[in-house]
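Below are structures written as structure tokens.
Common to both upcoming complexes is chain A, partnered first by chain B, then by chain C.
Showing the complex of A and B:
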């Protein structure tokens, strides 16, 4: 009985630490290093993440990456992107999914998984805490705090 | 009443009409606002459809809108294209609701156009308004009818009844209005009672008026009788002199003087007056001063040429703003002549019929007042007492009578002869010429010296007396009558004491 409690407690600690880091840190948008795109606008980001266009401004297909529902960075990101709460975003998707025209981004459990996917997928686009950015990634947008 | 009912009916129709329009407008607004609310409800889904250009979602929104009765058709468009529209959609009459970008609120990305089902909405509103107005009329009309019926039975008919009764009542009679016991306690009954009170008052007033009139008539008759049958001649004259009334006595008097009753006053009398100027002044003053004035005037009757004395009393009275004067006439000729007689008697000596001392004094005072020069002869008989003593008083009286008669004959009528005292006479002539006076004095002595024939007990006697005469002149010897008589007395005594049977003029 001791072990699960410890795991949960340590998980909670990590979560709260990450959350603090996330809210404190700026979020950046990254793409594969080989992607010719150098910059995206806030508006282009909205259109890509809200399912309007699944393409980069240059017309190349884009794969938007997101975190799983429970990931703390997600609510911070969408709040910064659209000014809406996560529940409003969820309600949006449930309405849109019904008609089948658009679909939400693929969801990954962690920043590591996201980084892996971006490195391996040239058309991927994702968001990360600024301190998690590696050399294999290209930052195309920074949220001004 | 009919008018009231009609106007109330017309009013309720107008009111129903206004009410109908009001309800109609309200209903129309309400339905329009419902359209807005419905459109608002779908706007967030519509925004998403416009954002994603999702025609399925857009169709869903449009179908949802059209499923409402009050929406005829709808269309959802984004910036460039129509995403969805219902059949029959036309832009005309559409309400537009702009759709914001779901994530960038200030950006419009599309529009929902909703065409309200105007026919349906209006029909709805009309139905609603019509039923409201109908309800109103259903409530109002029976009330109106009830009101009209009640008003007719409770007010119009009783009032009409009262008025009919009132019209048949003769004013001042004992007739009264019948009040229905049903109305005894209400306003109609009160009106009826008030009318009866008024009728009673009217009757009392009429009664008073009637008795007053009878009394006035009676009085008038009496006054007329008093006026007409009065033995005192009275005429009523208007201010301008027109004779308004003349009683029988006045008519008799005027006719007796040959005066027409229609002639104006005072000219009718003035023409025969001996002093018309005084008469006119008198009447003018009376009219001017509005005072009661009385005076006596002498007239000459033109028919008989005899003297008539009339007393005039003028009394001014005002009636109905017009001045009248009552003229009371009285024939005082008889009284006047009696007075003249009395005055004559008082001034005359009953034995000799000459002026007595009082009468002489009156005449002499008049002469003195008019400053007439005259000579006064005071005559005192000598030896008269022995005649009385020897032959008796009758003999003495006879002497006095005879001498008086002789003196009267030698002195003109315009002069004065009087018996001053027992055996004293006074003669006065308006002359101071000494020759003439002396001549008269001598004549007097001669007459006195002539013996008086007297018969006593069958014996014829000749009684002789003499006289002492003193003469005084006015105003040379004295200014007053008393003084003058004293002067004459002094002169007379100077003769009496000396020679007797002589005369002398007073000397200082």
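Showing the complex of A and C:
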């Protein structure tokens, strides 16, 4: 009986360690380096990531990128962005999606996949750990820790 | 729908931005009640209800949604919904099937079968995971059977410093069933359906107003039989016959819906409230005023909420014929069941607990007390109506598991 308990406890510790690591990271908002936008406001980010208004400050359409549901950075990002738990965010997006009003952002499995997509998509916008930013990306917003 | 299929056939399958998404939702609901005469159901379309000493499962549902991003501007959305219905056909299972064209950030056009944007939760009322209530308030949401329209809509969204302002206009037609006692079934068609929705929203606030005008497009067989029987009664015996005949003739009658709604959610406390006024030139549903207010708070993975809902119509029981015979009494009693179908005067106080079991699974428990001044009612199915002391105060417990995947 000790082995299963040990495995479960280890998994819980790993998961909580990942969450702590994710929450300790500074999250930044990035766009393609050729995007003329230099910064976005917190409210514009909310409008984009809640599917309300998908536009950069200059009025051009934005393609929002997100992580898959299981990625630990997702809950940290939405908490920082909206103050709401990931369950509340999921309920919100279910309401919007199943009403046919809007579609959630495209979802990717990893930071690397997100970076590749932003580099090849001029109108993309995404969130990353600050230490993952490369020269081919432009930071347009930083969440204050 | 033919137009939609034709449009779909023109979409290039070799588009540069093909993306297919598949999602679903499910609700497993249980209903318990101490109501002896009013059978509990959540909606006027449901053919099954729960009475005292029964366990009801008719509030369960299962649905799937497919989204295909054909090009950056063009998207197809289809949704199938399985729930408690009198007839399970492909047509009434297909909840949505439309093309969305978004040529710019501000403009959006949709063509096909879309959700009916009548009240705040009409479009997703069968998807329990999307709201805190165990079910949308009966007094407000149960009366309108229609949930989608076949037609088109256009929406303009304007961003300003304090939030987003949007205006939507929609037009089309819709068909949905009404089910009542003694196997009454009417697939109600509304045509010439036009509506406008104005909405302002920020992160915490949503304010909206809707006005929709419709005309009834058909009538049912029982109404035709009643009209034929009533027409044979001499005017001297039933002086109000002409107005009764007119009230039974529904085709072309106007039904207008006006609603305002507000929601505030600061991540600690929230409230949601709507008020509606249904106006018609038919005596079957002359005027109906309904509203609700729900207030709740979050603590961890739990949400508690209290809701008060009320509905009242101004329908009146028609005048009796001047003489009494067995045939006239039967005709009068049958007639009043039709004219009194929307005779509504009731309220419900409910308390809800919602707990998140995971990031996509929630359990909800709702206890409610209903007091009605009028039975039978359009909201319920009935038994034991010959009892002189009808059970007009009853309690209902709803428990549901709600999942999105």
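Just so we're on the same page, the second predicted complex is superposed on the first by the 124 of 145 C-alpha atoms of A that agree within 3 Å, B and C clash if a C-alpha of one lies under 4 Å from a C-alpha of the other, contacts with A are read in each partner's own complex, and residues count from 1 in each chain.
As a convention for this text, a contact is a pair of C-beta atoms (placed from the backbone, for glycine too) under 8 Å apart; a residue touches a chain by one contact, two chains touch by 3 or more.
Keep in mind that this is a model prediction, so the values were computed, not measured.
**Student:** Superposed on chain A, are chain B and chain C clashing or fitting side by side?
**Tutor:** Verdict on chain A: clash between chain B and chain C.
**Student:** In this superposition, which partner touches a larger number of chain A residues, chain B or chain C?
**Tutor:** Partner touching more chain A residues in the overlay: C.
**Student:** After lining up the shared chain so the two structures overlap, which partner does A:82 touch, if you call chain B first and chain C second: first, second, both or neither?
**Tutor:** A:82: touches chain B and chain C.
**Student:** Looking at the overlay, what does A:120 touch: chain B (first), chain C (second), both, or neither?
**Tutor:** Touch status of A:120: no partner.
**Student:** Taking the superposition on A as described, I'd like to know which of chain B and chain C A:97 touches: first, second, both or neither.
**Tutor:** second
**Student:** Would you check which partner chain A:61 touches, where first means chain B only, second means chain C only, and both and neither mean what they say?
**Tutor:** Only chain C; A:61 stays clear of chain B.
**Student:** Looking at the overlay, does A:134 come into contact with chain B only (first), chain C only (second), both, or neither?
**Tutor:** A:134 sits against neither chain B nor chain C.
**Student:** Kindly classify A:51 by the partners it touches after superposition: chain B alone (first), chain C alone (second), both, or neither?
**Tutor:** So A:51 only meets chain B here.
**Student:** Per the contact definition in the header, classify A:34: touching chain B only (first), chain C only (second), both, or neither.
**Tutor:** A:34 contacts neither chain B nor chain C.
**Student:** In the superposed model, identify the part of chain C that clashes with chain B, out of 170-178, 206-214, 224-232 or 386-394.
**Tutor:** 206-214
**Student:** Starting from the residues of chain A touching chain B, keep only those that also touch chain C in the other complex, and list them.
**Tutor:** Looking at chain A, the two contact sets intersect at 43, 46, 50, 52, 82-84, 95, 98-101.
**Student:** What part of chain B is in contact with chain A in the complex they form?
**Tutor:** Counting only chain B, the residues touching chain A are 45, 48, 51-54, 56-57, 60, 102-104.
**Student:** What part of chain C is in contact with chain A in the complex they form?
**Tutor:** Within the complex, chain C touches chain A at residues 19, 21, 23, 25, 63, 65, 67, 69, 72, 75, 77, 79, 96, 98, 100, 104-105, 110, 114-115, 123-124, 127, 129-131, 157, 159, 164, 201, 203, 267, 298, 301, 356, 359-360, 362, 404.
**Student:** So in the complex, which bits of chain A are touching chain C?
**Tutor:** Spelled out, the residues of chain A in touch with chain C are 43, 46-47, 50, 52-55, 59-61, 63, 69, 75, 82-88, 90-91, 94-95, 97-101, 103, 106.
**Student:** Where on chain A is chain B touching in the complex?
**Tutor:** 43, 46, 50-52, 81-84, 92, 95-96, 98-102
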